[in-house]
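What follows is a pair of complexes built around subunit A, which joins subunit B in one and subunit C in the other.
Here is the complex of A and B:
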């Protein structure tokens, strides 16, 4: 069962895949290394929640710095590399031609990861910017935009040089993500780092960037993979596909307007929070359509699709929760509590990362031309990471609920609240340990699968056709 | 979506419109905020932070204190901020105009620090804060790397921490705060935004609203006044 999609792999490798093998595997390898790094940091930060003394004497790992390091390694290390690999591959396959300008992509990958590494050292030594999702010091930020552009060139060429006039949802999402991140980042850099706006306007610009990164970059990258893999594996036409363009434009246009949802009652104009409420509600349409389109994932089998199913559930549920908690009466409770953390983890781990995992499990055998090295590790990773993330989310949500109730009662001192949350913090640490173990399994499995030199390359020239069962149209 | 240029234009428009809407529009509204001059006190609020406090804010930011402490008080009645003694009025944009990088924060694992130096009945003094940083509590980590244990040369330093029990350094040694610790503490002791700006006065309660509206003008009118004052 686990090998269902991988058995067909060797017969399914095309010249499109084999040509892009090394650059894309490089991106994925870098992504997985960062995933493990951020897992170690996540474990450290979660241990600090119940044992504040842990590593506190180490200036590099104060809770604030460790949390910023974890977040940065996760977003700019894992999600960026993995998402780019998926986006490029999807664009190449749907464009019907091998990727061009791949040497640019390789150079870009190297510089991107160097930039992230230097940035992490900068954060650890005190140069963090203290803006959420934007912690990298300003001296690496321009480098990252240029490196990103170099990687994205391949994808944009694949889009503009596509062989068919017709386009698919996964292409829209992939192109949008490739194109929009440099804009988001440079606009945010100008108003936050190079010519900072005054006072609380920084909080607004930072909120705009955070939500923009989510709605115009991370979510589209994940959906690009999901919209490609789900119809391929299920072999079915996506239901309600006519609504997909509207859903796409809703996400892109409305997404960043939710930037004020963490500033309810804060020192900013009230209309900012109102706009966030309206936008979060409008986005429900997007989540509804994604859920309707991709519901065929429920009937399909295979490792990749199991991850995507989990990811979709978390994505849609997370969107609904965002909508609910943006209302003032509810934000009053959930603001500043672990529930915000829980929602963030639900979005970037439960939603985006799970969809990435699914796409990677589908993609790697087709790049290497052989099944995953270890079926045991594949199953192990899936069981451990899904249960780990589930437990982590439960611990954060339940802990956050308790915290939110007690914060409202001014008679309970903050120290006591932390004491009451201890059991949930411990559970969160256990969950992070399990997730870390699972991702190490994944990394080992990936290295074993990718490092074996495959003889497929010579014989792929005449294998352009794919098995008909897997060639179901995406639309 | 078949038309490439239009597609790209659409994407570009999406980002530009949201950026203009959130960043530029609020900049137009708040970017010109100036300090509020109080005739009776004869000075402007908020006051500029002392140089040492401004440097302390950089330490606060680079250690990531904002990951557990907020610096934004919500209005009385909206949450327990007032009841916990964090502030009697809501934080307003004007409070932050002198701050290079406001540390609003997003998590309240620890207390809000907006008005730390104005806590009632008594605000923590420098020694309390230094001890908290050196010794920690069961819920607050200790940051001993901000301190230096050094041999006493000549007379003991006046800044050395007075520690007792097993925390006390060996005989002939003292624990002195580093410059970073001192600036951080100076910053924490400067946090006091208690001046009541016109825009920070709570809206009158709904029942009393009618009577007070006649006496003091409606909340909307008082906002207008604030704006005009700001422009002056």
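Here is the complex of A and C:
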């Protein structure tokens, strides 16, 4: 760091960013490739909903396998890589020092993605497990935990070696996510894959893991990025920030307890579902505080902040819907319908992925020292993916609403119900096509921005304005 | 502070530095030294919402958790504790034995029911204990004092009132009085009739808060 720049741009782009450039761009590139792969699979599975014959003779792409492949590529391919890149970067920026142990991160990234690739082949050839968010065959699961640990080392070192004692919400969420995934995954592996518990307990463990992946891993990763970008771009202090720690601990403590909401009416003791209902209600406080904290995103401008605004709305709304649909009387209608799918998509696509997009749009120019290659592709991706996800959610919610009413009426044959849903399935396919196109634009734009490997240009002085100091609120 | 315009969609400009972002937000949390004592109280309305959610959660848990019983699958199952006790037939001898030996009767009459020669009359084969129900119920309800002859031996001591009457230190319900009397009348070889709760209630209603009986008074009652 002998040549640490002292010019006007020094405060915004420093050795912290240039040093982390290649490892983090590797993570992001892998993430985007998996995102497109998952998009292709999403399109195939959604076409199969209205045209069941599509690819039905291809054993690799029968609906069950294709759906598992889509989900796995999305969670372990896209979300994991992107979330880790964001978490590491945020920890480095707020820690005030360049990332260390980046060799570990690179090796971890390579093995993680190899593991995911092998796992996807395994799923396609029939080795998948039967648990949601956990379909990867058991022979790659330990590898993934180790690879994750190797990547996370950098983040943990950035946290423990931070330059000041001051900490910020982004760091809490990022560090929590770094530590919680290995715990969730290894615990779930033991009780579901290596020494499987029997009977009902499997459903319980699976529910715990599914909700844990969401509440203790993906949501914290997304919030780490959002909590960082929103005040940085808006230049405003987060309102009600005094409650941010309470909100954080509510999510970490209560989050995985919501797992039992998938088991309402199932063969589990009454208290498990009741505990999940109660946890969903308590989580409303977390969503409320996140909404209050990050509402300053509404007044700000920028590509990243627009994504985060959408993500935030979906995140909070999704949380409220989770709370409402967890109650038994309502779960009776929504369980096992497209509404459950809609909620899942709202959480992992509308909420988490949109916040990831926002953080990535903010982060990549700082890593590469160049703006995004194409303004057209940037705006195009944003418009297409937000409208695509919106249409997808509408099709699933409306279709699910119709489906739930008709499924409860024993006089309507199942085939008729599927017939009534056909239009919404078609709409869903169209939405998935738009989303896929948007994400291909994103991948191309990313490759053009990132793959020209030249040092940070002198023009960064003009590229990034000198940020000013944040003014404390007048109390 | 006004937000600087972000006109280029390809680059998001940062408005503030990382250092000030950390410092200002850390200050809000109040974990930094604040010599000027400007700590703010947490906003009450949010605390109320949080407390309200916790209150709801606790109430809901209590109502629908099925007592955390792994065998209860129906969350609407009402607590069956009270009903179960009322529905199960109770053996008055068992209850009576418990009452008798629970630092009440056994202190004087002994667990053997033999009393203490010269001081406390025996219950075993006693013409009083196995005698008319009208008399024994009154003794236990209101107590007994003054001279009394039992099995040919004379005693002179006092027994406190056990029933739910004025001056009673025990306040036993009619159920308990009936149970302990039934026990005494059917234990140690005694073979007198059981005492019913109704009979105890009837006598208590009739005599009210009578002072402790004497043997003389009791002998007048058939």
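Basically, the second predicted complex is superposed on the first by the 446 of 475 C-alpha atoms of A that agree within 3 Å, B and C clash if a C-alpha of one lies under 4 Å from a C-alpha of the other, contacts with A are read in each partner's own complex, and residues count from 1 in each chain.
The criterion applied here is as follows: a residue touches a chain if its C-beta (ideal position, glycine included) is under 8 Å from a C-beta of that chain, and two chains touch if they have at least 3 such contacts.
Not measured: the values here are computed from a predicted model.
**Q** For the three-chain model obtained by superposing on subunit A, do subunit B and subunit C clash or fit?
**A** The answer is fit.
**Q** Look at A:361 in the shared chain and tell me whether it touches subunit B only, subunit C only, both, or neither; answer first, second, both or neither.
**A** Second partner only, subunit C.
**Q** Can A:410 be said to touch subunit B (first), subunit C (second), both, or neither?
**A** In the superposed model, A:410 contacts subunit B only, not subunit C.
**Q** Which partner does A:236 contact after superposing on A: first (subunit B), second (subunit C), both, neither?
**A** second
**Q** Which angle, as a multiple of 10 degrees, do subunit B and subunit C span at the CA centre of subunit A?
**A** Here the answer is 60 degrees.
**Q** In the overlay, answer first, second, both or neither for which of subunit B and subunit C A:166 touches.
**A** Both: A:166 reaches subunit B and subunit C.
**Q** Regarding the shared-chain residue A:245, is it in contact with subunit B (first), subunit C (second), both, or neither?
**A** Touch partners of A:245: subunit B and subunit C.
**Q** Is A:281 contacted by the first partner subunit B, the second partner subunit C, both or neither?
**A** second
**Q** In the overlay, answer first, second, both or neither for which of subunit B and subunit C A:208 touches.
**A** A:208 contacts subunit B only, not subunit C.
**Q** Once the two structures sit on chain A together, report how near the CA atoms of subunit B get to those of subunit C, whole Å.
**A** Superposed on chain A, the two chains' closest C-alpha atoms are separated by 5 Å.
**Q** Considering each complex separately, which residues of subunit A are in contact with subunit B in the first and with subunit C in the second?
**A** After superposing on chain A, subunit A residues 166-167, 245, 267-269, 275 contact both subunit B and subunit C.
**Q** Report the residues of subunit C in contact with subunit A in the complex, numbered from low to high.
**A** 1-30, 32, 38, 40, 42-43, 46, 49-50, 53-54, 56-57, 60-61, 64-75, 77
**Q** Under the definition above, what is the set of subunit B residues touching subunit A in their complex?
**A** Touch residues, subunit B against subunit A: 1-2, 4, 7-8, 10-12, 14-15, 17-19, 21-23, 26-27, 29-31, 33, 61-68, 70, 72, 74-75, 78-80, 83-84, 90-97, 99-111, 136-145.
**Q** For subunit A, which residues count as touching subunit C in their complex?
**A** 11-12, 93-94, 96, 164, 166-169, 229, 231-238, 240-246, 267-271, 273-275, 277-278, 281-282, 284-285, 288-289, 292, 299-305, 328, 361-362, 365, 371-375, 378-379, 382, 463-465, 467-473, 475
**Q** Can you check the complex and tell me which residues of subunit A touch subunit B?
**A** 48-49, 52-53, 56-59, 62-68, 126-130, 132, 159-160, 165-167, 171-172, 175-176, 179-180, 183-184, 187, 191, 196-205, 207-208, 212, 216, 245, 249, 252-253, 255-257, 259-260, 262-263, 265-269, 272, 275, 332, 335-338, 340-341, 407-410, 414-415, 418-419
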